[in-house]
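Lettered A, B and C in written order, each chain numbered from 1.
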Amino acid sequence: MAVITTKGVEKVYNPDKIPVKALKGVDLEIEAGEFTAIVGPSGSGKTTLLNIIGGLDRPTAGYVEVGGEDISQMSDNTLIDFRKEHIGFVFQAYNLIPVLTARENVEFVMLLQKRSRAERHARADELLKAVGLEDKVDKRPAELSGGQQQRVAVARALAPKPTFILADEPTANLDSASTANLLDIMARLNQEEGVTFVFSTHDQRVIDRARRVVTLVDGKIDEDHHR
Amino acid sequence: MLFTLAWRNIWRSRRRTFITAASILFAVLFASFMDSLQRGAWDNMISNVVNYYFGYVQVHQNGYWEEQSIDKAFLLVDSLDKISMVEGVEAVLPRLESFALAAAGETTSGVLVAGIQPEVENEMTDLRSRLVEGQYLSEDDEAVLVASGVAEKLRLKLGDTLVLISQGYHGVNAAGKYPIKGIAKFGSPDLNKQMVYLPLPAAQYFYGAPGMATSLALKLNNQDAIVPVVHTLRTQLDTSVYEVMDWEELLPDLVQARELDTAGNVIVYFILYMIIAFGIFGTILMMSKEREYEFGVLISIGLQRWQLALSVWIEVILLGLLGALAGILLSMPIVYYFKVNPIRFGGEMASSLEKFGFEPIFPATFDMQIFLTQALYVFILTAVLALYPIFKIRKLQPVQAMRG
Amino acid sequence: MIPIMAWRNVWRSPTRSWVVISAIALGIWAALSLTGFATGMMKSYVNSAIENSVGHLQIHAPGFTEEYDLKYQLPLASALEGHLQVLPQLQAYSMRTVVSGMASSSQGARGVMVKGVEPEQEAAVSAIREKLVDGEFFPEMRGNGVLIGQELAKKLNLKLRSKLVLTFQGLDREITAAAFRVVGIFDTGNTPFDGGTVFVEREDLNRLIVPQTDTTTVQAELVYEVALLLHDVNEVDTVAALLQGALPGQEVKTYREVSPDLELYESQIQNVSIIYLVVILLALVFGIINTMLMAVLERIKELGMLMAIGMNKLRVFSMIVLETVILGVVATPIGLLLGYLTINYVRENGINMSAYSEGMASYGLSQVIYFDVEPGVYVQMAIGVFLTAILAAIYPALKAIRLKPVDALHSF
């Protein structure tokens, strides 16, 4: 079953002045349980595509379905709630809320979903354990290393049991050891729990571990490798 | 170069510049407006009592002003004519003044009876134009001109008879009956409720003091002439016989009350600027913090610390003056409007103000000095606050700053 | 969670937050102190008026106070006494005969109000006895003693035991003059009062205003003004109503009605404190807006992330407002406490304004001002700050929710 379907997605910036076509008709299907990397040089439209899939931006033409719902026509507020329920985000930086502890960060979205305190607590502990941070639950982001912060971000993204997790260059700021560690955790979650991951990256080590690699060039899909 | 750097830096965060400048604008606007109004109220009051009655300088027999006794009246001798020759003196107004009990029909009231030379008096005080009813006095009249407050209190109309009872020169009994020839209205509530004018000869007869006066009020070219005229008169006149007083000496309570009121307002402005200062300091704090990296770069590429500090200092002061200038430009038309269209009070507020001697009309005073004072305050304020980034820059370690 | 985040966000830049908090606290302190000063000045003015002779309540015959015409008499003194003595709220009363006249000495003449009083009664109602700087309060002597103010003494060059002639109209409207001897000189600190009021014994004054040919008027029963002092000034309206009922057709006035400027003063104080507060709060608004705006702008990416992971606009908005309110909530008790301490200190010790004594005295103000504020002012300040914080938060908060997460993040 496809969790993400895009059909003829186009995106034009500056339609009034000097139009820039960032996406020129992208058709893409991502099935549940995939571990997919979206790669491409700067200016290939990679960022735009991820924004659109994540419901942070709207296509100029075409449509996007996430979990069977068309998100391209949703209102801003509906989109916010939709993202909260269905999409987990891991950004390359500014991932965590600096004033909250690791556990509070993981609990945050569940709190917005009005889950009970006990449930939030149990799930946060469980997820932090899953990313190997059971001894750091009460630390604030500033007290964690870059790799640890990204693992908290993964735990937080998983908290609301989203349809898929969208990760933007999650290893861009990490050293080799942390990168390997984070990828191990993501791969394990993918294999054991069946979590769908879609991530963008430049990093060859990350690309090597992806089971599907979609390459964008000039706003179009150039290659689509399944391994 | 440094100036250009400072100027362009101001416009880097337009929003912050606007908000900071707006806070200064608000303070300058409020302070200049209040100051102009307050100054206006006092100027109006002083001009009401000084221009329209007391005059800027008076000459009496020694000790008269302290006691205000008719016994201290003096003969209008020819030697006093030289007063009118003094440079800056336009006119000399001899007066014979004393308190009397005025009675009309069934009521009585204490009044100040002033014997005047009608034509000379008019030259300074413009008394004729204050008439609301009847006619102005002439030198040989045996009639009175009363202030409208007196007329109201004694329920007098034009042509009614006013009985005056008092004590004359050296204790002689003074009593007389006079028809009312005119009624005048004064801006000063104090004057309006107690003035009764008689022509000088009639007053001299009434008080039994022929050829005498209690005071000479002087009309001057302008206010700046006060000091030289007082000085000249004190050397020319025999100071063992005569006293020469300027209006501030004549009316010390007025001067003090004005000072008191001004002091009160200065405290309010001070507090206002203190609060604004905190806001500006907050801006400076943020600016220095977010520019730390840039400061590091500038020092690394060879800008001297003092040059950088100077540029930042200029920047902060420019920001302050920008706000002050905007405040002044905005307050000028407002103050001017209230100068032309004075604020008028009515009802109880008016009667209360009158009780305190204020005409219930507050015209604003338009004086560049008021605005410049505010600009000066802002300049001093920002110049002091701008020491903070200078201090920061002095201790800045470029390498650390650039590491972020 | 949002309150916790807001609280912790405030303390991410402690210096910046403390600058704003100090500014707000300073503003509250200043507004309180200014109000305390104005209220103290007003109370000093009102109290000195009450003490000098107005009392809490006055009774006159209708029309009397307009021109002091002696034909407007109050009921007989003995009848009045009967009505007054039954009032438990009453602390003291003074029956007076009041005439408007002229005081003259060999030095000149002045218009004055002559108050004929019974020494014991007057001493219980007004503070004139305590304000004597020379002489005695109506010592035992044969007839015609007068108490004058220092100002009048100066103007008419009078000393203790000097002779003073009072001239006024009698009941028959004939002008009467009589010689009095100065037995005491008072200084109330209110120049117009000291220069324009003299006290004599009612007995003497009544004897002078009743013509010798008049044999029907009982001098001792002649009263024109009763000044009353209550145990509690707050009962003034109640007692006024009671007296009005007991004395229909007479004019019963509270001190506010006797001197309408007193009432105006009291009501102005309210306005003055609100004006101070508004001006100060307006000045604070700019600093708060600027700080909060910085706080929002430097967190653009963080706020973008919050919105990306599902925090809606209302929540972001309330978080920013809450952060601002926290600044106010921390500052308010500090400012109120500082203000309270200042007011309490000056309430006890007073501020000496003797540098301006003549200016103050000419407006009937005493030289030493004791701060005072109504308790409600504290609440007024707290509410004012709260509203200001919310008002100042609106712009930065709107700025925050107008951010588009995709623009804010710039990270994909």
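Structure notes:
Just so it is clear, a contact is a pair of C-beta atoms (placed from the backbone, for glycine too) under 8 Å apart; a residue touches a chain by one contact, two chains touch by 3 or more.
For clarity, every value in this text was computed on a predicted model and none was experimentally measured.
Farthest chain from chain B (centres taken as the mean of C-alpha atoms): A.
The innermost chain, defined by the distance from its C-alpha mean to the mean of all protein C-alpha atoms, is C.
Averaging Cα coordinates per chain places chain A and chain C 69 Å apart. Mean C-alpha position of chain A lies 73 Å from that of chain B.
Here the CA centre of chain B is 26 Å from the CA centre of chain C.
Chain contact summary for the complex, chain B toward chain C: residues 15-16, 19-20, 22-23, 26-27, 30, 66-71, 98-101, 103, 106-111, 153, 165-167, 171, 194, 252-260, 263, 267-268, 271-272, 274-276, 278-279, 281-283, 285-286, 290, 348-349, 351-352, 355-356. Chain C meets chain B in the complex at residues 15-16, 19-20, 22-23, 26-27, 30, 34, 67-69, 100-102, 104, 106-112, 154-157, 165, 167-169, 173, 175, 191, 260-261, 263-265, 276, 279-280, 282-284, 286-287, 289-291, 293-294, 298, 353, 356-363. Put simply, chain C touches chain A in their complex at residues 1, 4-5, 8-9, 12, 301-302, 304-313, 315, 404-406, 409, 411-412.
Contacts from chain A toward chain C in the complex involve residues 46-48, 50-51, 54, 56-57, 76-77, 80-81, 83-85, 89, 91-95, 97-100, 104, 107-109, 111-112, 156-157, 160, 168-169, 200.
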